[in-house]
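Read from first to last, the chains carry the letters A, B, C and D; within each, the first residue is number 1.
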Amino acid sequence: MPNEVKSLNEECGVFGIWGQPQASNITYYGLHSLQHRGQEGAGITANDSGCLTNIRGLGLLSKVFQDPKRLEELPGTAAIGHVRYSTAGNKTLDNIQPLMFHFTDGDMSLAHNGNLTNAHSLKQRLENEGAIFHTTSDTEILIHLLRRSSHTDFLDKLKESLRTVKGGFAFLLMTEDKLYAAVDPNGLRPLALGQMKTGAYVVASETCALNSVGAEFIRDIQPGELIIIDDDGFKVDYYTKDTQLAICSMEYIYFARPDSDIHGVNVHNARKEMGRLLAKEQPVEADIVVGVPNSSLSAASGYAEASGIPYEMGLVKNQYIARTFIQPNQDMRERSVRMKLSPVKGVVAGKKVVLVDDSIVRGTTSKYIVRLLLEAGAKEVHLRIASPALKFPCYYGIDIQTTDELIAAHKNIAEMNQFFGSNSLGFLSVASLIKAIGLKTKAPNGGLCVAYFNGDYPTPLYDFESELQAELKRLHESRKQEV
Amino acid sequence: MPNEVKSLNEECGVFGIWGQPQASNITYYGLHSLQHRGQEGAGITANDSGCLTNIRGLGLLSKVFQDPKRLEELPGTAAIGHVRYSTAGNKTLDNIQPLMFHFTDGDMSLAHNGNLTNAHSLKQRLENEGAIFHTTSDTEILIHLLRRSSHTDFLDKLKESLRTVKGGFAFLLMTEDKLYAAVDPNGLRPLALGQMKTGAYVVASETCALNSVGAEFIRDIQPGELIIIDDDGFKVDYYTKDTQLAICSMEYIYFARPDSDIHGVNVHNARKEMGRLLAKEQPVEADIVVGVPNSSLSAASGYAEASGIPYEMGLVKNQYIARTFIQPNQDMRERSVRMKLSPVKGVVAGKKVVLVDDSIVRGTTSKYIVRLLLEAGAKEVHLRIASPALKFPCYYGIDIQTTDELIAAHKNIAEMNQFFGSNSLGFLSVASLIKAIGLKTKAPNGGLCVAYFNGDYPTPLYDFESELQAELKRLHESRKQEV
Amino acid sequence: MPNEVKSLNEECGVFGIWGQPQASNITYYGLHSLQHRGQEGAGITANDSGCLTNIRGLGLLSKVFQDPKRLEELPGTAAIGHVRYSTAGNKTLDNIQPLMFHFTDGDMSLAHNGNLTNAHSLKQRLENEGAIFHTTSDTEILIHLLRRSSHTDFLDKLKESLRTVKGGFAFLLMTEDKLYAAVDPNGLRPLALGQMKTGAYVVASETCALNSVGAEFIRDIQPGELIIIDDDGFKVDYYTKDTQLAICSMEYIYFARPDSDIHGVNVHNARKEMGRLLAKEQPVEADIVVGVPNSSLSAASGYAEASGIPYEMGLVKNQYIARTFIQPNQDMRERSVRMKLSPVKGVVAGKKVVLVDDSIVRGTTSKYIVRLLLEAGAKEVHLRIASPALKFPCYYGIDIQTTDELIAAHKNIAEMNQFFGSNSLGFLSVASLIKAIGLKTKAPNGGLCVAYFNGDYPTPLYDFESELQAELKRLHESRKQEV
Amino acid sequence: MPNEVKSLNEECGVFGIWGQPQASNITYYGLHSLQHRGQEGAGITANDSGCLTNIRGLGLLSKVFQDPKRLEELPGTAAIGHVRYSTAGNKTLDNIQPLMFHFTDGDMSLAHNGNLTNAHSLKQRLENEGAIFHTTSDTEILIHLLRRSSHTDFLDKLKESLRTVKGGFAFLLMTEDKLYAAVDPNGLRPLALGQMKTGAYVVASETCALNSVGAEFIRDIQPGELIIIDDDGFKVDYYTKDTQLAICSMEYIYFARPDSDIHGVNVHNARKEMGRLLAKEQPVEADIVVGVPNSSLSAASGYAEASGIPYEMGLVKNQYIARTFIQPNQDMRERSVRMKLSPVKGVVAGKKVVLVDDSIVRGTTSKYIVRLLLEAGAKEVHLRIASPALKFPCYYGIDIQTTDELIAAHKNIAEMNQFFGSNSLGFLSVASLIKAIGLKTKAPNGGLCVAYFNGDYPTPLYDFESELQAELKRLHESRKQEV
């Protein structure tokens, strides 16, 4: 997305491996293909016969491990790794994962993708009991619960702790002799298991990471499951049976890489189908279909195919990342944006354009792109969004915790169309989204979480319940005032 | 391209501006959109009321100007800039441009895209006369000629010097009070003139750079022309009338950005048309068309459109660049490649695939991609190349100065098909290439240089003549031996 | 010291300030003059109206705060800072201080110089109660004790915690509205209080840091004291009355900067006096006195003065620090050492030299310097050490926790003299050391800790008691075997 | 020196070696001990069987060769290296040496310490003949002369060129098969020859560099000599017999390292003798002698010895270099200075101090140090300078090309004493300086250049003649006006 970070940030990617020489090297490659899930920081913990070593750093994986010697400092045959998403604030190293814990009775390391909905109340309770938290992230809570559990068996302690935390999560926990992988009771965050030709087991947020290290896919980790991997192989256990599938639909729409499969559905295929259904729901007479590179290309080609309107490369993305220095004035800032996305005049001039984008958050980017195309000579620009309008916060791991920045929470279609300067505007319906993904399940909403579109949260919201009510009330009043 | 640099390297991009406050800032933005033309080094010379300042460095533009203060050290209302292509050897700062010359009677700065064919003999002649060269590049020769010219008028000196050098070139020369832009007599290298809304004039290797700084296109610099820009505006002059258009066809096929127009033809449109004609010349029965990202996507969509076979995203390119550290073993190295390009299993599995690539140099990448697709489950892979087979060296500015690394110089279609492991292989014909680009000219080969395809060089080769003959003889004998 | 780090490492320097605009800037300057106390890492926590921000990093202060923007990220009117000493292992960022603690009821930050003797048993006890430690340093223990204290008043909690930890310490604890400074019951580690002209209060490990920021010295923090600083000024409180002065004598001998005063005694003057007394105790007939730069120059000039033998600059230290890259062979490694310390041939050739060093740990450096001087033509080299022989471990904050590397624990004077290749060898007596420092106190050993010289530890050793006994037994047996 | 660079900058140090494996490694070590002669930039050219490779960079040697691989990129058995001094302006890489020249008939590389007095006129003449200069330094001129010489024999060309350039110089010129070393006809700049145990020959600006690499001193290069080193050994030749010794006296006073010998005189011994003679010429009743660290310690100890007043460490220099970031205000700037030099209160308080400095340029530092001592409680401060007052420019390689910044050119002793705030002020006489150094020669001024003290330049000044006259006239008038 040009200039602005799209404000739709995945909370991290995780990767783990057990039983492989140079495990940290493989983890580096695995994390590299998960880099799109987080650019704020990266880290790896390696396990050398029970001795755990951890290296973490701010920035891209390639920066953290720029010095070739860093990976050599992570010897061992097992490892877990993590990439963390980037936001403006709180960019402190302390929050970069995997977290490392040294106990007199042994080390452990933890990596987490997701967001807990009862973190605040758990944290307060634990602090009152004398616990000291070293990070501002939720992740640490699991370890405090584990260490304070009244159970004597480690596995019982862990299961109890997993039952205590609520929300969306995929956890990788490595101890001296085992690697544990667990997913929340709704399977909100994805996690897949695979196996290397060497026999080593691999777990990763997305199957593209399995492919990138040459591992064969075995299975998705199911809601409520706890996978235990050690030198004897892997074992599927569970910490709760009270589950119901509700995979984050934004994974299919925007987050995941097109070459990943989630619960058996290829992401590119799902996006193309969203484009096809969008063409049926929101048709328009036009000369060419243009997708916003790179995330909307699958949907745009689906729209083109279903509508019979030719797909053209009307926008080009500069593959080189410009240094972001402070721009002296507005004119310079616009030029800075222009460095990332360029219209192809020779393609769009004089044409009626269907502009396909995957989703809209603030809308400032869409507004900018519409203007780019019109300035390049497009006769008309019809904006088509290959997902429903985002109207509600997410509390399970996507960085939308307020509706303030969601344009669709504040404006209706006509108002948005005017704001964007487009000739028409259309979104995909929730029903078509569910159909396009087409999971084979009888769970509500086709086994998807679509709460950010329709407010239908698959779980109680715990600490966030009152926050959501306040948000909705405020929103309601703001709409009234506008009218 | 995965792993290997494709061995098809453009020799540089140039950008110049006259009459604009903060000229070096605009030059930074302009060079940024020319970054694909060279990643070895970058530099800018700024002109502050006749005082020239120069900053150059190795690596990407964003690295050279990483410190926000560097651009502030380049004050003034005019500037020229340069990005240089990357090769293994000779990566020394001395060769990074623009070159800067301090004379007791004033400064000048020079930026050059191209390659001179009589550089060696000129250099030797000049050294015998006592000249000292400080770089190993050709560029410096022009200044030595200029300073030793017997003419008294500067413009006469410059024209004489431009007539003396041979080959392919686009020069930008900035003196204290003027900016000169010149293109070789065949127009082998592109150069375009534009104007900012502020009135400032801009020259750039590609029109995408004009767009990126918000300049309006005025005209392409024609063969033999010498444009003179100063505070009174621009003037079109010429240094020779003995010209004939022969634009480098690889600019359309591979080098230029799809949003650039060269001599009135949009690059994306030309590529798409190459794809369409390729579908007609080299049809095949298949389920899906897949392009090699990112450079072959235009041609692939043209192939899909003309053949009626649906275009699919069967390959994904990782947008994050991995650190290139030394791989401990072959297995690791392959994994390193895999980090850049991934097949989409869910798309290609069980399918007959038409794989469209823009061009083939060594062929090792093509071989690797074919294997990637087959391993991901493709039933058949039919390789289609949207340009003719590369068989001859280029001496005008592309980094193919020997046929050793050109697979098509050593193998016929059947041999290559076997080498790649593809089910079939087809190239675009030279005639179709010329037709796809479709320049409006009566010049031979449709105004294009297609020498690397058919050996038909548009000029005498001077210092390289004997080299080419030796090359061809060696090639002939090697083919004989193989038979 | 050339090549080897002298293996005598201070455990850190601390600096704090309250009531000063740009407090982190002042802290930077203060820490800079404490840099000799630790080069492994540095950090600052700033307090902006109760909001605490912390930046830490590995390496020298100037590296951690290389980017001018880092200090701007630490706004506020109070701050504490820390420099940490360098050892081979455990160079992890987690252990760099000040430690930062975020509680739901407020933040606090802690900086510590020293070593706790009951850390291990306290840590085990706390972990059994569910505590999670995030660092491998002792420092964190104080906060765990504080948070678990059964007292209700914060000050009572803190005092109880300070009474619970044993060993040598100087703590700076900053909460949202107060800065606490405390020293162990023996005053093993130094800490001084001062005041800026602006009225702001400053605490620092050494008075040189007060001088460097322009603060006036007020008083040394006394054993058992707890100083409380806030917007109303400072208050002297105490957490225990069970105290007895035993300042680390190595502070005077080696660690502290010569311009610092500790408990009223200037360090340079103390060293010079050690040199004078050494001349009396260990006289020798010679031509010149040469000191090992830079730490032994004070003692050497004292020796020269008392003996009447002229002081000469027979050794020069290169002020530029060479990059430490891996040396291909032994010859190269020696050259690397030679880069740091050079003999002055023109001074030492043909002379009988008294070489004065402040102390000897392993002895490898002394051996090397003796050889340097002899190779440069010295006729005789008489080694004189301006402190007693180091024979016992320190458990209060100096990095000698085993006698393995102490040459004087294993060899007698004659054996050492032979090892060094010197013509004679002499140490200062403990009695003279005490006299040279001359603290006005009736405490045993003149108010000094001299345990590393004579085994007379001023406190019980807690967790280290058995370790010391084992050490001594092993040592005893090894001496027997040698005989 | 605190804050300001003392404005007395040596123009560079050179090092060369022939006949030694890993020659660039040895050169690194050699340059390291010459680092005090230049911190702006450093470079090495290595010679691998006639193939010359060059690496240069801005900043300290350790920064330029920070990456361990850089030295590996400089293979070969011969090398020359250079460190360049630091000034505010013109810090461009182009001027960093050794300069590298690639000719079609072979490579050569040149390193130069000194300054040419006819550079400007030679440059103008050469440019008129078509020469292009790539640097703004004088050094390049020699190569242009060499390449244009009408002689046919290389040695004749070189000798003619050396006779053509005027001023102060020490040149190292490396061709494919030889290393040449030459010194100007007055021997203004030092250069010494030595030999490694391996048989390899070494040349260096100072003998400390010979020592640091373990080479034995053979001889100083004499005025007018040209040493030729190749695989057959070294040969002493000369390019002129019209010579007269006039070694730069500032080498003894300030520039050279105390462990170096120049023309047989040890620098520390010379400085100590300057201090002794100063004590006799400028006696004063006082309690302690304090030297300004580090450069004035030799002279101060000489003063102490001759006067019988005890030498004390009244000033301490921080061995850690602080990051120089922009200070928000004057108060902060002062603090920044204070970080480098600290008075030892416990030593100077209540004392009458003789403060010995080696030389005075602008005087701002002296003024600052006097104030430091008085603020620290000194009762009186008597400033004694161990060299004569600097009143005239130097055109042979020291960075004083105008008298504007020389305080002694504008003020008399009384005025300076008032400016410094000292209780009294005294300089060493030129006669005593000459006596202190005591070269065995019958040349005028004891074989020394003392022009900056008395205007007695040992050579004609060529291009600078008129400049000096203008300078003196201006100075004369300014003194008149003041009166």
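Some points to look at:
Note that a residue touches a chain if its C-beta (ideal position, glycine included) is under 8 Å from a C-beta of that chain, and two chains touch if they have at least 3 such contacts.
Chain-to-protein mapping (UniProt): A, B, C, D = Amidophosphoribosyltransferase.
This is a predicted model, so every value here is computed, not measured.
Between the contact lists of chain A and chain B, the overlap is empty. Note on connectivity: the fewest chain-to-chain touch steps from chain A to chain D number 2. Here the CA centre of chain B is 61 Å from the CA centre of chain C. A straight line joining the Cα centres of chain C and chain D is 37 Å long.
Each chain gets a centre from the mean of its Cα atoms; for chain B and chain D, those two points are 49 Å apart. Among the residues of chain C, none is found touching two or more other chains. The touch graph of these protein chains is a ring, one cycle where each chain has exactly two neighbours. Every pair of chains meeting the touch criterion is listed here: A-B, A-C, B-D, C-D.
Against chain B, the residues of chain A that register as touching in their complex are 22, 25-26, 29, 32-33, 35-36, 60-62, 65-66, 68, 71, 208, 211-214, 257-259, 261, 265-269, 272, 294, 297-298, 301, 305, 310-313, 316, 318-323, 325-326, 328, 332, 335-336, 338-339, 342-347. Every residue of chain A that touches chain C in the complex is listed here, in rising order: 93-94, 100-105, 123-124, 127, 129-134, 136, 140, 143-144, 147-148.
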